[in-house]
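Each of the next two complexes has subunit A plus one more chain, namely subunit B in the first and subunit C in the second.
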Partner chain A sequence: MRKRPTNRYTGFIKAGVLGTFVYKFSIFGWLVGDIVALVIYCFLWIAVFANSPTATINGFTSTGMLAYVVSARIIGHLVNSSSSFYNVGSDIREGTIANRLSKPINYRRTQMYSSIGQYIGSFILFFFPLYVPAQLILHFAFGVAFPAWYNILLFLVSSFLSMLIIDSFDFIIGQVAFFTGALFGVMLVKDAVMSFLSGGMIPLSFFPQGFQTVFKFLPFSSMLQTPAFIALGMYSFEEALIKIAWQCVWVVFLGLLSYATFGRTVKRVISVGG
Partner chain B sequence: MIEAQHVTKVFYRPIRKQGLSGMAKTLFSTRKEKIVAVNDVNFSIGKGEIVGYIGANGAGKSTTIKMMCGILTPTEGKILIDGMEPYKGKYRNKVLKHIGVVFGQRTQLWWDLPLVESFKLLQSIYEIPEKDYNERLTNLKSILELDKFMDSPVRTLSLGQRMRADLAAAFLHNPDIMFLDEPTIGLDVLVKEKIIAAIKQIHAQYQTTIILTTHDMNDIANLCERIIIIDEGKILFDGPLQDVKNRFGDTRQVFVSAKDRMDLEEFNKKFAGQLQFEVIDHYLSITFDADKVQTKDVLRYVFNHCEVIDVKIKENSIEKVVKVIYEKKAY
Partner chain C sequence: MLKYLKIYPKYLAMAIKSKLAYRMDAIIGSFGFIASNTAAFFTLYLTITAIPALGVWTIEKMVFLYGFCLVPKAIDHILSDNLWSLGNWMVTKGDLDPILTRPLNPLFQIVAREFQYEGFGELILGIIFLAIYGPKQNIVWTFNNVMPLVLCGFFAIFLFFGIKLITASLAFWMKRSISLMSGIYELSNFTKYPLEIFHDIVKVILVAIIPFSLVMYYPVSYLYEGKSIWVLTGIIGLVVSFLVGLGYLLFKLGLKRYESAGS
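And now, the complex of A and B:
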């Protein structure tokens, strides 16, 4: 009897979770680095607002800004938990791709499932222990309201979709790294660009109007700003649903694109030997 | 049952020029050189056979293996595994379920995870029923002595341990066909012996068809009855190992280190001129055909005529034969 094909991949979710826990110490390193960065960001924005003639900048109050910067940073780590980029790049470079391809499964899907595992792992190990205290501090020290219960649910959905979008995106870029040979360099550029364009540093509403129009047709805002705005309750329920629908579009589009590009890359990789 | 029918694989590789300016030129050049990695190869391998697939570096061994596991598509001709072409989309997963591969230089285990987790992943990939999984894993664990490091992350294993684990991983789903691409590369003699013994035992138990590539002729001598020799993409020889030995003679080499000298002319006369002498590293090497001269007679003569410090005997016939074949590029 033929089982449902997904069963063959569920093992990768578990492997992804385990993989995250293996690197728990490096996560603590990130944690410390993040807390330092967050403190710096907070002081920076407090100074900016103190010297601003108006109480709001581009629709953000100073506490609103604080809440956004802190949340975006922490959520950024959660949605960026996929290691597809590195896995694809190194599998191709080191030739382990031949081993992976000799298995009766789809390589792209194995990567996606282990990314789901990594998302779960980093939710438990990183997101929860950092986000909850951050919300408490924001609430009691700065009077930021707690998110509504439905926002939390929508956020869970939205951040999961963000992770899938980033996973596909990373998977595609990971292949580019193979052709250029500079895995680490491409990663630095990718991370910087993504963090900037997805709203990780400043909300996208700070960009000039022209850019914002272009961004509407790019996947970046779906990667981070959508779940961050939802978590902060900055969208109405209807707006949130529309944004999530957009995320779904990107999940499907980039997902298909990643399958398609990988088919071509494999042909090429394998035809030059390895 | 594996059949290769007129299989040819051609690669196109961009022509790279040397130096910085050469690199810049390469960037904009579309010129490519044609490399025929495998050239009109034909063979047929039956169920349960162990075949040694040998050739110098770059002879086309790995390319052939990659075509047999569906990673590469032949440019011409076809490969049939139980009547199906593994590199065709509709057959790929069907064929791959019954194939196991070990690339000696690359691990298929998950680097960061404890070894046992790699096995569990493979269980889910191949949908191995719990009962079979436990039974086989217990068996493989004892054959390959994996117990000590089942819970260690793969990256902490030594090369020998990792290789044994890789073998177990490849046999876990009890494949009908196993491709072993240099499974003993870089291993010390003891581990090599263990691995060869394990492969023998697993073969005896599961009747797996095994295709083995290696540069170690001892592996071949210990495991294979049939060898295929490939060079520059062409098959030079396909037949029983014994044939190769017979054709080139079963030579022996006796190394003697002695306190006093012997009269070599006299010695050779005694054996009807069948001996060849050479001095290698302070040892006198005596080479002869084992079909015509008995090793024990040579040794007896040596012991009777001088005070011996040390004796070594080497039977490296296959290695030599293969070397001759590689050099002559013909069988």
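And now, the complex of A and C:
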């Protein structure tokens, strides 16, 4: 019996989920640095608000900021669960891409499906066990309100879209490895730029006005700040829908761009390998 | 000792040559470390400039402190990066075998055979911070404050080395100590910020147990307060010597336990 074409890729979703479970300890290994950074930023913000002449800074109250810093870190890990960057980079670098391309499946799509699997895996293994206790602590110790039910639903949609945006972005940047051969360095630059411009380190409202205008035309705020603001209930229902619509635009745009760039890169691969 | 001084440049030349095969890796790696530190710097900048000042800490003071922490960290990163391999896989993979057959100090061989270009990113950025914000401090720079500060920076290089050596040597008992190693190494990031904003537990850890703040934060803070830092420099020298000594002792003890990997 012939399987429907979409089923060809469900295996990649499953593999993505299971892959996350296999490397669960490596996730927690990297967590240490995150916890240190989190503790530093929490204390820093507490001190900043203690020294502030006003109760709110750029629209944030002291507890609102704590909630944002903690949530953005955890959500950041969830939406960054894609390993397309590394897969593409190493496939090209080591030449295994030739083998992959010979299979009757779309390379770009397999990467996306395994990223979806990794997203599900890290949701279960990492996001849920960290985010829920964090919200409980924020609620009972600092009086941060729980998100409304529709915010939770919107967050699920928004974070999934964020993951797709980052997956496409990573896929595009991963191809840079082909031209430079320096995966690790490119990854450091990409991670630094992404976490800084997506609001992972500081909310974008702290940037000078000129930058904020430019950010409106870049995909970064759709990568993290949108789902984080939705989860914290900082957008009204309508605002959230508009932001999600923007995310859809970026999913489509970067998705198409990743296909287009890959089409060109593949030609180079063949010319070099042949 | 003289023998090692003669051999070290040769080892370094070898390490540099082997790295030149991947020149692009080294250059982009440097950029990576510049990028992540620049992002951290701008985060700090945007955070602090949202308010007039953090108590007595102006942004100029904080960036100078940041640069002062970055430079020794970078120098250690460039010269002793191979200790991470010791903590990560050298014990389990049996990579120490060839090292133990040579008539040279094993620790020397491990450290000298790696030269990590990437650290230059942090080094350049650290020097830029010091050069820009040093003259902006309300301090008259004389021999009596520059000299001990440079000494403290020098000791700080060995503090990073000592802490890495202690935690990496634990791999002889734990097989892999990389998680513990990176966890403790990450604590050094606390010293880039004013110590008084942290909880007392953090202060005790960073001064008395893993003394990153004692070595890097206090000299700068004393300087801002106009105090002399000569005595402090002496104490720091003793503490760092003790830690490096302890690390070497652990390394020696660990080597005795080392059994090669099964074939």
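The rule is short, and it goes like this: the second predicted complex is superposed on the first by the 268 of 274 C-alpha atoms of A that agree within 3 Å, B and C clash if a C-alpha of one lies under 4 Å from a C-alpha of the other, contacts with A are read in each partner's own complex, and residues count from 1 in each chain.
Everything below uses one rule, namely that contacts are C-beta pairs under 8 Å (C-beta built on N, C-alpha and C of every residue); 3 or more make two chains touch, one makes a residue touch a chain.
Since we're looking at a predicted model, the values are computed, not measured.
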Superposition on subunit A - do subunit B and subunit C clash or fit: fit
Which of subunit B and subunit C A:Asn7 touches, first, second, both or neither: first
Touched partner set for A:Ile105, first subunit B, second subunit C, both or neither: first
Between subunit B and subunit C, more extensive residue contact with subunit A: C
Which of subunit B and subunit C A:Ala141 touches, first, second, both or neither: neither
Partner chain(s) touched by A:Ala260 [first = subunit B, second = subunit C, both, neither]: neither
Partner chain(s) touched by A:Val32 [first = subunit B, second = subunit C, both, neither]: second
Contacts of A:Leu153 with subunit B and subunit C, given as first, second, both or neither: neither
Touching partner for A:Ile124 - first (subunit B), second (subunit C), both, neither: neither
Subunit B versus subunit C as contact partner of A:Phe184, first or second or both or neither: second
Minimal inter-chain CA distance - subunit C and subunit B, angstrom: 10
Where subunit A meets both subunit C and subunit B, residue numbers: none
Of subunit C, residues touching subunit A in the complex: 22, 24-25, 27-33, 35-36, 38-40, 42-44, 46-48, 50-55, 118, 178-179, 182-183, 186-187, 189-190, 193-194, 197-199, 202
Subunit A-facing residues of subunit B, complex: 11-13, 37, 63, 66, 69-72, 92-94, 96-97, 99, 101, 103, 105-108, 110, 112-114, 117, 120-121, 123-127, 153
Of subunit A, residues touching subunit C in the complex: 29, 32-33, 36-37, 39-40, 43-48, 51-53, 57-58, 180-182, 184-189, 191-193, 195-196, 201-202, 206-207
Residue ranges of subunit A in contact with subunit B within the complex: 3, 7-12, 14-15, 18-19, 22-23, 94-96, 98-105, 270-273
